[in-house]
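Each structure below is given as C-alpha cells.
Here chain A shows up in two complexes: once beside chain B, once beside chain C.
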Partner chain A sequence: MDDAAGTRGTAAAGGAGPVGPVGPVGPVDPAVTDVAAAAAARARPPEETYRSAGEWIRKNLFSSRLNSLLTIAFGLLILFAARGLLNFVFSEERGWDAVRTNLRLIFTHAYPEEQYVRIWVCVGTLVVLTGLSLGLFAGRGEGVQLQKISTVMAGVGAAIALGVILREPSVLIGADGAVVRENDDVVRQSFFEAMADRWAWWLAAAVLIAAGVVLRRAVASSKVSISSVPAVEFAVALLALPVLSAWIYPWGHFAFVDGTFIAEPGRTVAMSTKVPWTVMWLLVVAAMALGRLMRRGFDEQQQQRMRIPLNLLWLASPFALYWVILRDPHLEWDRVLSVDIPMGVLFGVIGAGVLWMLTRPGVGELGRIIAIVLLGVAAFNWLAAFFGWYSMLQKARLSFLLLALVALAAHNFAGESIKRRRLVVAWLVLMAIVHYFATLMNAPSTVETPTEALIGGFAVTVIVAVFTIMLSFPLGVLLALARTSRLPIFRVMATSYIEVIRGVPLITILIFFAIILNLFLPVGMEISLIASATLGYTLFSAAYLAENVRGGLQSVRRGQFEASDAVGLSTTQRTVFVVLPQALRVSIPPLVGQMIATFKETSLLAIIGVFDVLRMANSVIPAQTQFLGIKREGLLFVSVVYWIFAYTLSKQSQRLERRLGVGER
Partner chain B sequence: MSISDATVAVSEELAARDDMIVCRDVDKWFGDFQALSGITATIKEQEIVVVLGPSGSGKSTWIRCINRLEAHQNGQIIVDGIELTNDLRNIEKIRSEVGMVFQQFNLFPHLTVVDNITLAPIWVRKKSRPEAEELAAALLERVGIPEQAEKFPGQLSGGQQQRVAIARALAMEPRVMLFDEPTSALDPEMIKEVLDVMEELARSGMTMMVVTHEMGFAREVADRVIFMEGGEIVEVGTPHHFFTDPTEERTKLFLSQVL
Partner chain C sequence: MMEGQISMNRRIAPISRRSALRLAGVLVALTMVAAACGSDDGDDTDAEPDEPVATTEEAAPVTEVDLVQTEDDLLDAVIARGELKCGVSGSAVAFSETQPDGSQTGFDADYCRAVAAAIFGDADAVEFVPLTAAERFTAVQTGAVDVLMRNTTWTQGRDTEVGMDFGPTTYYDGQQLMARASDGFSGSSTVADIAGAVVCTNAGTTTEQNIADAAAAAGIEMRLDTFEDFDIVTTNFVQGACDVITTDGSALVGRKANQQPDGEEWVIFPPTPISKEPLGPTYGQNQSRFADVVNWTVYATIIADEKGIDSSNIDARLGDGSLDAEAIRMLGGEGELQTAMGLSADAFYSVISQVGNYDEIYSRHLNPVGLSREGSANAGWLDGGLIYAPPAR
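Our next item is the complex of A and B:
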C-alpha cells in the first residue's frame, strides 16, 4: 500500500512538472525565495476565486434578458408549487394523526406486539452490518466540506423563512375546537398575527442562517483548522438529532394498543419507540467504531479480503432474518432428528464421495457422462413430482439437482488434491445451508398473525423487493449470456423467454402467479401468495435485467475477446474473468434503474390482495373509525418513504460507478 | 514467384532447424473478397520473420489465422506439429503455445497490470497465485516497468501498455510470438521502447513473426522478410536481399514509397 501510494505521489509530481510553467501562473509571493516552494506553488492550479452570491446570481440567473425572464417565470412556478404543498401539509384540516397513530401498521401491518423484538433484531442486524461496512470501507474520500455544510445550513434557514412567509395564515379555531366560519368561509388570522404566531419557525431560520454565516466566516478566515469533516461520521452524528429529540421534544404519543386509540399530544414518544431507535443508533456507532478499529489493524490486502465474508453475510442476511428470526420456525424435533438431519448427512456424504471420484485426475469423459446421467435422474425426479408418479421430499429433489449441477462443473477442479478437497468442503457447506433452510421453511411458524401473511406494510415491500432483486440478478445474467451464446438452443430459448415476458404486462403476470400458479405445482405442494408474487416479479424483472446486461455485453470490445482467446482462456473463463466484469460495469446505471423500478413496482402487491404499504394508506387507514376517509395524508407519507429509499439506491449506484471508474479505459 | 525460390532464400543454417509454423496453400475469404490466396511458407524454430506489405495486403489476416482468431478455409496450418482444424482441443493447445501482441494492446481494463499478466497462467497453466505473481514480477522487470505492477492499464502510456501486453503473452511461456503491428498505435517517442523489448526477445531465441511498418526493425533484427500484396506472398528473402536488391517489380514500388 505504502509503495503504491509512493509511486502514485511521484508520478503525480512528475506529471505536474512540465505542465506547471505552461499553465496559468498564480500570484507568487515575492517573499518566497525557496525555489522548490515556488515551483510547488506554480505546479498547483490557480485557486478558484471566491465569488459573492450577488455575482453568482447575476452571472447564472440574470445574464441576459431572456435568461432573466425564464428565471422569473420558473421561479414563480416553483413558489406557487411550494405554497400549495405547504398549505396542504400544514393545514389545520389535515389529519396527520392518522399517519402518526398508524406508523406501526404502515411499516409492519399486524405483526404481534409481543413478538416485536424480532423486528428490532432484524433491523439491528442490518444496522450492524451497515456500520461494519461503513467503518471498514467508507470514508476514504475527502469528506464533507465545512463550506458546503455552512451553505446548506444557511440555505435551509432561508428556505424555512421563505416557507413561513409563503404559507397562508392559519385558520381560527373556536372555543369548541371547531374551525370558525363566517358564511361558509373559514376565518383566518391576519398576516401579521400569523407571522408573529410562527415565532418558533422564525427563530429556527435565524439560528440556522446565523450558524451558517458564522461557520462560513470562520472557514474563510481559516480560524477553523479543518476544512472538512468525515462524511460518514457526520451523517451518523446528524442521525443522533432525531433520536435525541425523541427523548426531549414532546412529539406526542399516538397509538392503537389492544384496539384502543391513544392520543396524548403533550408527551414524548413512547418508550417502545425511542428505546429501540436509541439502541439502533448506538449499534451503528459501535459497529462503525469496530470497523474503523479493524481497518487500522489490517493492511490494504487484508481489508480487501474482509470484503468477502462481509458480503456473504449481507447476502445471507435476508434468508436468515426472514426464516430464522422474523418467522421463528416451530421445529418438530422428532422429525428433524429422524428425517431432516439424516437426509442432509446422506446427501452430503454421498455427494462428497461422487465429487471426490469425479475430480480424480484423468477421469476424462467418464466424469461428464456420470454428471449427465445424474442430471437426467434429477430432471426425471421433477417430472415425476409433476405427475405424482412417486413421492419424494422436495429437498431431496433439490439436492439431487444441485449435485448434478456441481458434478457437471467438477472437471474444472480435477487434479491437485487441495482443489478436490476444496470442492468437497464447498459441497458439504452448500448441503448444510440448503437443508437447514429447507427444514426451516417447511416448519410452521410460531408467530401468529390475523392474516395469512406473516408481515405486511412497508416490511413486505422491502422483503419482496430484496428477494426479487437477489433472485432475478443471476437469472438475468444467465439469460443475457444465453441470448448471446453461440449455441442456437440457448439463444432461441432465452430470446423467446425474454420476448414473451416483455410482451406481457406485469400486472397480468402477478395475477397469474397469485391465482393460477398453485394449480400448476406438483401434487402436495403449495406456495404462499407473497412467495408466488415474488416469483412473478423475479421472472419479470429477470427478462429486463437480461436486456440491460446484454447491452453491456455488446459494449465489450472485440479486442477483449481476441486477447482472451490469444492467451488461451476457455469460453467460460473468458466470460467470467474478462467479459462479464466489463459488461456489468457498463450496465450499472440501467441495472440500478431496473432495481429501483422493481422496488416501486412492488406497490402492485396491493392489487393482488397483499397488505403492502400502499394498501395500508389507500384502504386500511381510511377505513378505521377514527380516521374515516383520511387518505391523502397517508399517500403523501408513503410517497415520501418510497422516495427516500429509491433516492438512496440511485445515490449508491452513482457512488458505485465512481468507485469502479478506476482503471476505466 | 515460385515456392522453390522462397526455399532457396532460406539460409542453410536455418533450413537445418525444426519447422515451427508451416502454411500450405492457405486461402481465406471475407464474403466474396479473397483476403489470402495460396499462402505457403515455413517458419523455423528461433527464426525472426518480418511480414511487410501495403495495408490491405492480408498480412494481419494471415497472422491472425495462425492462432485461429480467423479461420482459414482452404489449405493447412501446422504449428509446432499440431494442425489447426475445427477441433477445439487443438485450437486450445496451439493458443497456449502461441503468444500474440495486438496493435491496440487489448489489455483487460478492469484488471491491474499484474492481474492482466497472471490471469492466464493461473487459470490455463494452473499455476498457484504466488508462483504466477513471481513470474509476472520477473516479466515486468524484463520489459522494464516493474514499478507499474499495481496500476490499471488506463493509467499507463501507450508504450507501457504495449510492454505489459508483451509480458502478458510471455507469461504463458509460448514457443512462438506473433506481433500484429505492435507499434502502429503508438506515439513516435514510445515506439523505440517497444522495439527494444522486441529486440531483446529476438536475441533470447524466441521464434517471432512480426507484422510491422518499422523498416529499421526489419533490417536490423529479421532473419527473413516476407513481402505480401493482394493476399499473396510476393517475395521472400533476407533483409539484405530485400532492401538492396529486390527482384519483384511490386516490391521495388513498395520500397520506393516507404523508404
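Our next item is the complex of A and C:
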C-alpha cells in the first residue's frame, strides 16, 4: 500500500489531480492519494515538492480549525445523504418492477413493438456517426493514465464498501429472492447479519480494490511498459461491461405482452434488449476502427476536409431519421408521380430560369424590383391561405417564398457565369430537399400507434430538444446580428422580439403554442402538439441564444472590424469570416449552458400534455392498476437518465473548449 | 472600393424590355402551375377547407336544412376520416390507463372502443388522445378530439357556459372520505366524525371546496391540507401525516385495494357521497347526429346488460331465438333505426360482440380495483341503481 510513498509529486498543485474530486467522503486512503501523486509526478516537472497523503489531507481539509469543522460537518452531511439515498434505492418496499416493466413506455411510449427495429436503426445510425467522429477526430494524444484507472478502481471499490456499511441493515433478501424478516415489528436485523448477507457487494468491493492495487503496483514497478491507454478506446471498451453483463447477470426479465405482465427476476434480460445493444456496441467499435483507419490513411488536410461531409451527415440525420426511418411515410405513387415530382421539377426549372435571368450582368435595379414583386406574390399566397381565397399546396407557397428570398439575394451572384451557375445549382438542390421533405411530411405514417402521437417518452424529449437546438441556433445568431446591426429597423425588430420573448415565461409560450395556435391557423390546417411545442420552444430559445451570441459579438475588438474594413472585406465577409468565428468561440460556454437548459426544460412539455419522459414517471406509471402510486422510483430513474445526457453534453463542450482554446486567450 | 463602384454602375444599366416581358410571363406561368397543382389536392392539409366553404355558399340560398347538413357534420367527418379521435386521461386508474406497451385500457377507453365499433364496426378504429384536465375542453373546441371519455363531471356550467354537451352518465361517482379503522372510523361514519382531524386532498379541484362545505354544514372544525396530486396525498396518509383523505369514491377504492399496508384497515365513508359526480361522454355542442350515435352506443350496452346479452353469448342468443323484439331490432334484425342514424344495421351488434355490455365493461376494469356495482348507484335500475336506458324502438 505504501510503496509509492517515495514517489514525488503533488496532486493539488495543478488542481487537476485525481484526488481533487474525491473530497471528504471519498475513500481517502493512502494508496489513492499516493497513486495520484505518482500520476502527477509523471505528468509534471519533477521540481514540485513532495507531499504525502496525510499531508495533503492536513493541508486541504484540516488546515485550520474552521476548515476542520467545515470538513467534518459537510462530510457528515454527505454521509447522511448517501445513507438516505441507499436506503431508498435498496429498500424492499421499492417498486422497481414498475420502472423495469415500463422501460419501453418510458423511452418510446406507444411505438409498436413490431416496428421497433426502426428505433434501433436510428440509434445505430447515431452510434455509427459517433464512432466515425470519435475515430477520425477524437483522442489525439489524449490518454488515461493507468495510475488514474487504478485510483478510480480502488476508489469505486472503497465507495461500494462504504455504501454497504452505510446502508441500514433492515433489508435482507434470502437466497430464494424473498424478503427475510422475523417479525414485521422488528424491521432492523442485526448489523452483522446484514453485512454477511451483502457478501456479493463485499466481493465486488474487494475485487475492485485488489485490482486497483495490483495495477498500481505493476505500473509503479515498471512491469507494464505503457503508462497510459488511449482515452476514447478505453471509454468505448468500458461500455462493453454493461453490454456483457446483460448476457451474464440475471437483471431479470420484466415485460408486458398481450395484456399480461411478465416478471421473472432470475433471468437475464430479454433477447430483444441484449441483442440490439450488443449490435450497437459492435457498431461503435467497428465505426471507430474505420475512422482510425481513415485517419491513418489521410493527411491533416484531408482529415479536415472529412469534417464537412461528416458534419453534414450529423446535421441531416435528425431530419432523415425522424421523417424517413421513424415515421416510415407511406407514399401514394400515383400522386407522387402526377403532382409532387412534376411540381418540384417545375419549380426547380422555372425558378432556375428566373434566377438565371435575375443574375444577368445587366439586370440592375429591375432585378430587385422583380424580387420584391415575387416577395409580394409569396406573401399574398400566405395571406390567401388565412382567408381561404384560393387553394394552393403549402409546398407551393413555401417554394414561392423561397424563390422570392433567393431572388432578393440574387444580385450578389450577378455577373460571372460560374457564380450564376452556382446559384442555380444551389436553388435546384434546395428545391429537391424542400420538395422531398414536404412530400414525406405530408405522407401518412405507416406506423400505427393506439394514441395520436407517433412516439413519446424519452424519445420525444430528445427529438424536441434536438430540433429546438438545431433550429434556434441559426435564428439566434441572426437575431444577435440584427440586434447589433447599424440599421435601425433590424435593431428595433430584433430588440423588441428578444425583449418580448424574454419577458414571457417559457410555459406561457408553450401553452400558447400548444392550445391557442391551432385556433389561429387557417381552417383545415393542423399542427401536431409536438410540432407546435417545438416551434414555440425554438422561438423562445432563439431569444436567449441571441443574447449569448451578442455577448460574444461584443467581445470582438473594434480593431478586428477596422482591420476587416482596411483589407476591403464586405460586411457579409467581415461578419462571416472575421467576427462570427471569434464571437461564437467566446460564447461556447453560455451556448452549451443554453443547450443543456433546453434539453432539460423539455420536461415542461409534460404540462401541456405531451407524453414525455417526465409525464410517464410522474403520472402515467403511478396510474397503472398494477403499479398504483409508485412514483418516486420512476422520478429517480428519470433524473438519472437526464443527468447522464446533460453530463455528457457538458463534458463534450469542455472538450470543444479545450480544442478551440477558449479561456486561454 | 473602386471595383465595387464599377460593378454598381454596370448593374444599373437597364434590362431590355423584351427580357422583362419574358420574366413577367414566366412568373405568371409559375403562378398558374402552382394554382393548378393546388386545385386537385387530395390529402394536403391546406386544401380541404376549400370544399366545405364552396358547398356552403351554394347551399345557402336553397334550404337551411341543407346548410346544417353540409356545414361540418361531425359524424360525416368522423366516418370520412375512418377513425374516432377519443380524448382520454391516459393516467386515470381503471378508467384509462396507459399500459407498458402504450395501449389504453380501462372503462373510459372501452367506451371509446364501443363508439368506434358502432360507427365503423371495428373497435380498434380509435385514436386515443391523452389530455390533461386543463386542455380537454379546448381539445373538443378545436376539433382535436371528437368525444371526451375523460372522467368529466356533468355540471351546469360546463353544459352551458363552456359549450359542451353531455351524454348519458356511465359512472355515478361522488366524493367520499377514507380513514383508518384503528382511528375509530367505520363505513357508516359521517362527516361530523372527522372533527379535529387532519384532512388531506389534492389542490385546485372541487374536492377541496366540497369537503369545506360539508364540514361547514356539519358544523365541525378540521384542518385541511392540500397537496400537489393524489399520489402525494396517499403517501402522506400512509405515513400518518393525514388522518383522513378525500376525493372521488372510485379513486379511494383503488387506493385502498392497492396501497393499504398489511395489518391496517382503511374504511371509506360516508355511505352517501358528499358530492355528485356523474361521469360520462362529453362532446361539442350542436352535433346532434354524432351525439345520438354516442348516446345510443351507451344505451345499447345498458339494454344488452338488462337483457343478459354479452359478448360471449350474443351469437348463441341470436341463433336460438330467445331474444325479444327490442333486442333483435337493436342488434340489427330490421336495423332501420340504426341506418336512420347513419350507422350500419348491425352497429350495436358490433359494440356488444367486440366490446361487451355495460356489466362486462364495468366488471372488467372496475371490479379489480374493488369497485362493485351491487348496492351502488351504478347498479341497474331493476336492482335499485341509476343505470337506465330508454327503450330501443
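Throughout what follows, the second predicted complex is superposed on the first by the 586 of 665 C-alpha atoms of A that agree within 3 Å, B and C clash if a C-alpha of one lies under 4 Å from a C-alpha of the other, contacts with A are read in each partner's own complex, and residues count from 1 in each chain.
We take it that a contact is a pair of C-beta atoms (placed from the backbone, for glycine too) under 8 Å apart; a residue touches a chain by one contact, two chains touch by 3 or more.
As the structure is a prediction and not an experimental result, all values here were calculated from the model.
When the shared chain is aligned, chain B and chain C each come close enough to touch A:G415. By the document's definition of touching, of the two partners only chain C reaches A:T451; chain B does not. Chain A is touched at more residues by one of its partners, and among chain B and chain C that partner is C.
By the touch criterion stated above, A:V464 is placed in contact with neither chain B nor chain C. Once the two complexes are laid over each other on the shared chain, residue contacts for A:V567 go to chain B alone; chain C is not touched. Once chain A of one complex is fitted onto chain A of the other, the partner contacts of A:R335 are limited to chain C, with no touch recorded for chain B.
Once chain A of one complex is fitted onto chain A of the other, the partner contacts of A:V127 are absent, as it touches neither chain B nor chain C.
In the superposition on chain A, A:V269 contacts neither chain B nor chain C.
Judged by the document's definition of touching, chain A residues 415, 568 lie at the interface with chain B and also at the interface with chain C. Contact residues of chain A toward chain B in the complex are 3-4, 7, 415, 557, 559-560, 562-570, 573, 577-578, 581-582, 585, 662-665.
Remark: chain C residues 1, 7, 10-15, 19-20, 22-23, 26-27, 29-31, 33-35, 37-50, 53, 85, 89-94, 97-105, 126-132, 135, 138, 142, 144, 229, 231, 234-235, 254-255, 258-259, 262-263, 368-369 touch chain A in the complex.
Residues 101-102, 104-105, 108-113, 184, 255-257, 259, 261, 332, 335, 339, 342-343, 346-347, 350-351, 353-354, 357-358, 360-367, 370, 373-374, 377, 385, 388, 390-396, 399-400, 411, 414-415, 442, 444, 449-452, 456, 514-515, 518-519, 522-526, 568, 607-609, 611, 615, 619-620, 622-625, 628-629, 631 of chain A are the ones that touch chain C when the two sit in their complex. On the chain B side of its complex with chain A, the touching residues are 67-69, 92, 95-96, 98-100, 102, 104, 106-112, 119-120, 123-124, 126, 147, 150-155, 165, 168-169, 171-172.
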